[in-house]
Each structure stands twice: as structure tokens, then as C-alpha cells.
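Chains: A, B, C and D, in written order; residue numbering restarts at 1 for each.
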Amino acid sequence: MEEIYVEYISEPKLTDPILIEGLPGVGNVGKLAAEHLIDKLKAKKFANIYSRFFPPQVLVGKDGVVRLVSNELFFVKKNKNNQTDIIFLVGDYQGLTPEGQYEISMKILEIAEKFNIKKIFTLGGYGLGRMVEKARVLGAATNPELVKEMKEHGVIFQEGEPGSGIVGASGLLLGLGKIQNIEGVCLMGETSGYFADPKSAQAVLGILTKILDVTIDYSELESKATQIEKITAHIQDLDTLPEKTQDDLRYIG
Amino acid sequence: MEEIYVEYISEPKLTDPILIEGLPGVGNVGKLAAEHLIDKLKAKKFANIYSRFFPPQVLVGKDGVVRLVSNELFFVKKNKNNQTDIIFLVGDYQGLTPEGQYEISMKILEIAEKFNIKKIFTLGGYGLGRMVEKARVLGAATNPELVKEMKEHGVIFQEGEPGSGIVGASGLLLGLGKIQNIEGVCLMGETSGYFADPKSAQAVLGILTKILDVTIDYSELESKATQIEKITAHIQDLDTLPEKTQDDLRYIG
Amino acid sequence: MEEIYVEYISEPKLTDPILIEGLPGVGNVGKLAAEHLIDKLKAKKFANIYSRFFPPQVLVGKDGVVRLVSNELFFVKKNKNNQTDIIFLVGDYQGLTPEGQYEISMKILEIAEKFNIKKIFTLGGYGLGRMVEKARVLGAATNPELVKEMKEHGVIFQEGEPGSGIVGASGLLLGLGKIQNIEGVCLMGETSGYFADPKSAQAVLGILTKILDVTIDYSELESKATQIEKITAHIQDLDTLPEKTQDDLRYIG
Amino acid sequence: MEEIYVEYISEPKLTDPILIEGLPGVGNVGKLAAEHLIDKLKAKKFANIYSRFFPPQVLVGKDGVVRLVSNELFFVKKNKNNQTDIIFLVGDYQGLTPEGQYEISMKILEIAEKFNIKKIFTLGGYGLGRMVEKARVLGAATNPELVKEMKEHGVIFQEGEPGSGIVGASGLLLGLGKIQNIEGVCLMGETSGYFADPKSAQAVLGILTKILDVTIDYSELESKATQIEKITAHIQDLDTLPEKTQDDLRYIG
């Protein structure tokens, strides 16, 4: 097995697909958003990605069956509901080391080239370290035209935000993609960073679906948000969280 | 020397052997169980595995003679007592880094292929972070049929356990093996995680010997258990252990 | 993409250029000095260096446009103002790991060979862990003749300083260069190590410009120094800084 | 430059030399002992070893001249005073990572093979974590015959010591050498582990010179020991040292 092994379940024929990335990160915003969209658009899994840069670990399903931790690729073809073929990148983990993250993102871009992908949307959370009333969606893009286009869709571009840049796959796919002339946008939903945040995921999807011109139902995300709110309602004072935890939560976007 | 160097002492001819792994981990349950079985079945060492992914260290024997830290392979052929040829994987350490753990497990699977191994049993401990009265044996497997078969042998499959998955060789050999169509089972003996736990090892062997249809004597394990109990009897309050230690103990299965 | 990828924007024809390195480090002295000189000499960027040894991160510009973290090469040709062709190495980060730092410095030296570079100046800060009234410039060089020459330009060579050697690119480019018969000098401006230190950068440039026989304006550095002084004026007692931070600040030169 | 680069200054013709290793470690006992012997036997440097597994650092000499951190090989030919050709391995650092330590030790063994080395002596300290009145010299070897021979020279072999094995080059050269049929002995001088310990180095040399049948003068080591004693005399209570430090000191032998 190579350092990164892509196990194809099928090899879909796609026409100029876009790539949407939603790997685990701050508030799991990107992951929640991408998985919801996969579910609603009935996208199909076509590849597993295994790598020694992931944790050395299997996950155990409800049925007691193990599977190696992985990233996964799904696809959906253009249809009445959505205007373009789409490939989704989701998964259990990002690479454990900086070098591993570079390697995995470069492998994803190899796949992007194979499928002739010309545009990438990376989804993530933007951790504020405080409770968020109404999550705005911040953006960053690989060229000024895309910035302008995204602004028209309601994405916020605010000077100096995110000040520390975008760390992890959401950043690397854009940065490395840009070198290879693949354009891309990162959409970041504001979130406290303390909990999984389905509301922020919904905010990100609100923008993304406008861009993609699709309409989807949000009831599962809304019900997840209600659950999280119940769990967190009794937490009065977030400032009592250890500082290190707060920092960690802001780290990978 | 390659990154992982397998030094063969002999090359046994085996017929469809199973592989039993018992490397160091939580409560050293897997190691204690596998070493006991090696001893009772009079298995013979046929290979040493050295690797730069192990600690840079030699161990010094009672006679003052050093040996490089290693993993070891033993074998026993089918005979009156046991129904199948068996290869055992035991050793001083698991790989130090996630990448090292992947590399070593992949090397083991290469060896498994060479010997035509079709089934793997990985043995480990399941750390509860509290004293265990009577250790149950939890399981996970690479397919639903094996789960069913193991349930019939008394293995517990409990939804959401182990919640964090199985980390280390016990997990990787199954997860990577599954990709290569080698089926496998992980048997995890419940243990506090605070001490080496021969009782939990005995519980695991109780199940494993039923599956293998062999009968063995447990007196050495029982006597080790008595020793451990003497040592730990005076420890009144385990909650006074530093939290980090408790977490660490649960980490590698 | 290789482990280190050099993206050439142009391939300038240069005659026996010198290399001046100013990457981030203690007090950002080297970076501030090199960037100021690039600006004043109107040097032009001719290459980006990307690497998996840098953080897995993009930076977001004021316009919302991302770029992968990188090192950069600039050049300026000999003209009325400066007597030699110069290549500058600046950037966002040094390599994250020791191995990465070696790899990147070796790649830089490959580039140095390609351009027939015979002399390297590395610029850095020398952290004292206390406020500095008037920054002296300490030196180190690859041979005694250069030491003598530098002394004549006012560089301080003080036995036992820096006692712990020179860590990072400023050290490696000299040490690795020496093996390849490229001579070099490290100029280190004294600095507290607590803040970015434009004054120390100016002291380093004071020496370097004498060596290069160029005259430049310092008003931007002076105005930056004034800003920093305003920010830090209210900090009364530096000893209240956590000890670890102080150590870190002294680490990479 | 390769991962490990051996720069030969000369290529001495040697007849069945032994290798003596004395790299930095606990109490710097091995380093002090080997350097003293190099000095007394007037051994000559014939190679520098550079590696990206060492710290990314240059050291600055008294004259202001830098050199990249390295390991070094010295040799002395058999003469009236010593009965065998000897190669010495000394240096600034051991490899920073476990993998790096393996790689460097394997490279040393390649060199050992090139020079037809059949026996290795590794020198180190054995940290007791308490003051040592009279340092004994503990041993470990690659075969029982050597253990017996060493006992006759006064080396102590004590069951269960060192319990944690021998970490670093002193262990690896023996362990890896054994696999390649090069025999070896580790001589460990007892030391507190808190300070550089010239007395312990002298104890190790007391044994080693008997084995090698050479006579040397110890006055420099004795004068270093006096200096250290002056410095440490005022330290009353070593138990006040942080525990972590004590552990660290015992780590690399």
C-alpha cells in the first residue's frame, strides 16, 4: 500500500465537476455541511482514501464491524435539482502531521485533475471563542473575480479575517490548487468553536446552495442544532474552559 | 537494513495458518494472552522483526547479553491439541509513530500473504478506568458473519463499544487486512488499564481457546494474577491517579 | 509537487550575485532588515518556494485572496547604487521540523549553485532576554579571513557568543554552504527577543550597507520602531513574561 | 547531500580496527572518556558526519568561525602504546528522532564494515539519580563469551541493570551490530546524571585501558572533576530538582 491509497468503488464519468470539501475541523462545520448536502443530493460514494497520515485506528460500527479510518469521495451528476456534476470529499480525520496534510491535499488535487475539476469549494468553521448569535459566512478565494462573485452571494470578506490564515485541507486545497490553476473558494461559518455547530453548517449551506442554485431541506440539521442546544444550555460560563482548549478549537479551519 | 527488517530463523511450511497478534497495549492483556498460548502450545520462534519505528534501544538479558528491541513471529503446526496451523505475533513494542504503526502492520500483512493467512485474531485490553470484577470479552470483526460466529462463542458486541475505535496493531491489522480480503476478529478483555492484567488475559484466552478448540492450563496466568493482586491490594483509591495517566492507558488497544 | 517546489516567475541573468537571507526569527530582525533592503533597492521577485515542511496553511490578503505560505526569492542587478548583483531570500516561515529545515537550506544552496553564488549573508536577531538600549551587531563567519574583514566593518565577534550556536536557516546556510565551499557571514542584531525589533534591523542594515557600499533611507524602519515603542511602553516588568516564552524567543536565530 | 553525509578528510588504511563510541549522553561520560582517549593516543580526525537528523544548527568557535554540528571519526594505528588499530566515534549530538538514531547507527555500521571492524566498544553513563561516591562500571555485551571476558576485567554485570535497556547509539551500535555479526560491549560508568562526570569517565577508561592494554595519563580528567566539584559543592539537596529533569538524564545512555 502506498502512503495514500485510493480504493475506487466505481469510476464515474463526470463533466466538469466541482469539488466540495467538508472534512473535520472547527465546530465540524464543514463536515456537517458537506454530509448534509451529500445526503440531500443523494450523492454516491465512489472511493475510499486510506493513508498512514491518518491515525492508526479502526472505527467500530453499530454492527460490530470495523473499518479503517478514511476519507471518502462521493459524486452526484447534474440533474434537475443541481446544475453541475459534484464530487464531495468528506472523512473521519485530516492528516495528523503538516507533511501528511500536504501529501493528502496533493493526492486530492491529482484526483481533481483526473476528473477535470476546475473549481473547489472548501467548507469550514471560523472559531470566535465566544457564543455566536447568528453565524455569518466569511470567505476567501483564489482570485479577485471569485471574491467579487462570492460577495454578490452574501459571503463576507473582512480585512484581516481570518488573520491567522486557513489551516488544514480547507486552506491547502485552495493554496495548492491555485498553483495548478484550479480556482477555489473557502466558506467559513462563524462558530464558537466549543461544540459541533449544525446552525453554522446551515449558514454555510445557505450560501453554497445559492451559488449552486439548488434547494434543499434543512430539517435534520435543525434538529441536530436543537439537540446541541439542549446539551449546552446548562453551560453558563464558557470562560471557565481551559485556555488551551479554546486555542486548539481555533486551529484547524 | 530496510525500514523494517524481517530476520528469518527458519521458514516453516504451514497450511492455511491463522495469525494471532498480542503486542503490548492496555493492561498488556493481548501480550500476556498470546505469550501464554505460545508457551502452552510450544510454538517456536521463526523470525525477528526489527525496525527504525521501534525505540532506538537494546534490552539487556539476565546474562548481560543485549538484543535489539523487536517483534517476533512464532509458529505451531496443527496437531492433536490444536486444529489449525498458527502464527503468533508478539514483541517488545508497537511502532512509536502513527506512520510507523501503519508501516509495521503492512509488513505483517505482507508476511501474512506469504504464508497464505486467511484469518487474523488480534488480542487486546479494553480499559475501563475502574477496577473490573469479572472481565468480559468485547469483540469487533471485519464482517457481520464473523460477528455472529463470535457471539456464539460468548464474545460481547455492544453498540458504541469501543467508542473511540481500536488504536494500534490490533486495529490496523484488521482494518488493513480487510482491504486485502483477510478477515479478522479483535478480542478485547475488559481491564482497569492501571496494571498488567493476567485475569483479563485469561478471559480472552477462555474465548479464544473455545474458538480454536484447544485446551490449555492457566496456572501460570493465575499465579501472575495473584502476584499483581498482592501488589495492588494496598492501593485504595484509584481516582487519585493523575487523569492523564488514565487517558493514556486507554489509548492503545 | 516535490517536497520543495520552486516556482520560477522569471530566470534573471546574474553575475556572481551574493545571497542575503532574512527569514522570520528572533525579533524578526533578519526579516525586517531583508524586506527593507528589498524595498529600498527595488528588488524584484523571481521565484516562490513552496514546501510540505512549511505549515499546512494559506494566508489571506486584504483583498480576500489566498496564497500558500512560501519563501520567496528576489533579485536586484548591480547598478549605480549597489556594487553587486544580489539575491534575497525572505518568507513567511522557516521549516517546521529540523529535517525540513535541512532540506530547505539544501534546496536554497542548490539554487545558489545554479546562480553561481559565492557569498552568503544571513541576517538574524540575537535575543538577550532583556531590553536593549543600543543594539550591537554580532557576527559569525565561515572562515577567519571573513571574520577579520567583518571586524573592520564594525561587526562584534565575542568569544562564547552566541554560546548555543546559530539555529535555523541563518546557521544552516552557512554550515552547509561551507561544506560546499560557499563562504558566508551571519549578522545578528541584539534584541530583547520579546517584540519585532525594527531598531535592531536598522543596526544590522547599518553594517550590511557599509559592506555592500550602498546608501539607503531608514524612515519606514524608524517609523515602525516608534510604533512598537508606543505599544510596548506600558509594559513595565518583562520578568512577568512566562519563562517558556522567553526561551522560545531565543531559539531560532 | 544525502540524509547522512560522510565527508572523508583522509582514508586511513587500518588492520582489523576496533570501534570506540563516545557520543553525548548521561553525564557525558562516554563523550568525556572517548575524547580523553583520542587526546592521549593522539588519534587523528579522518571524517566528519553531517545529517539532517542532527539539530539544524551551527556552532561558533572562539575565533568566530562556524561549523555545522556533526559526528566525527578519528583513528590511531597500532603502536608501542596500543595493541590494535582504533577508530573513534565522537560528536556534538546524537540523532534527534528515534528514526534518525537508527539511520545514523546503520550508517556507522556501514563504515564499520568498510574498515572491517569486528568489535565495538560503546561508552556511556548509567544515571542513578543520586550522588555517586565511587563509580562502578556496568556492562552489557552481544554474547556470553564477551560478558565473561569483561567480568575478568572488572566490569559489573548485575541482573536487571540497566532495567530499561540501553537507549541511543551506545545501545543501537551493539544491537544492530549483533545482527550483522559484529560483536560489542557497552561500558557504563555510574553517575548521578545531574552533571558532566569526568570521574565516571575515568572509571570507564580505567577498565577500557586494561582491556586495550594501554597506559594513559588522567590529569586533565582529574582537573575537570575538581572544577565540577567546586561548582556543585554548594548544591545541598538534589531532591529539589524537578522530577522530569531527573528522568531525562537517565534517558539516553
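Criterion: a residue touches a chain if its C-beta (ideal position, glycine included) is under 8 Å from a C-beta of that chain, and two chains touch if they have at least 3 such contacts.
Keep in mind it's a predicted model, so treat the numbers as computed, not measured.
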| item | value |
| --- | --- |
| Angle of the C-alpha superposing rotation, subunit A to subunit C, to the nearest 5 degrees | 90 |
| Equivalent interface positions on subunit C and subunit D, same or different at half | different |
| Between subunit A and subunit B, centroid-to-centroid distance (C-alpha), Å | 37 |
| Rounded Å distance, subunit A centre to subunit D centre (Cα mean) | 52 |
| Contacts with two or more other chains, residues of subunit D listed in rising order | none |
| Graph class of chain-chain contacts, one of line, ring, star, complete, other | ring |
| Subunit A residues touching subunit B - in the complex, by the definition given at the top | 1, 5, 7, 50, 52-60, 62-69, 96, 100 |
| Residues of subunit A defined as touching subunit C within the complex | 95, 98-99, 101-103, 105-106, 139-144, 147, 157, 159-162, 165-168, 171-172, 174-176, 178-179, 186 |
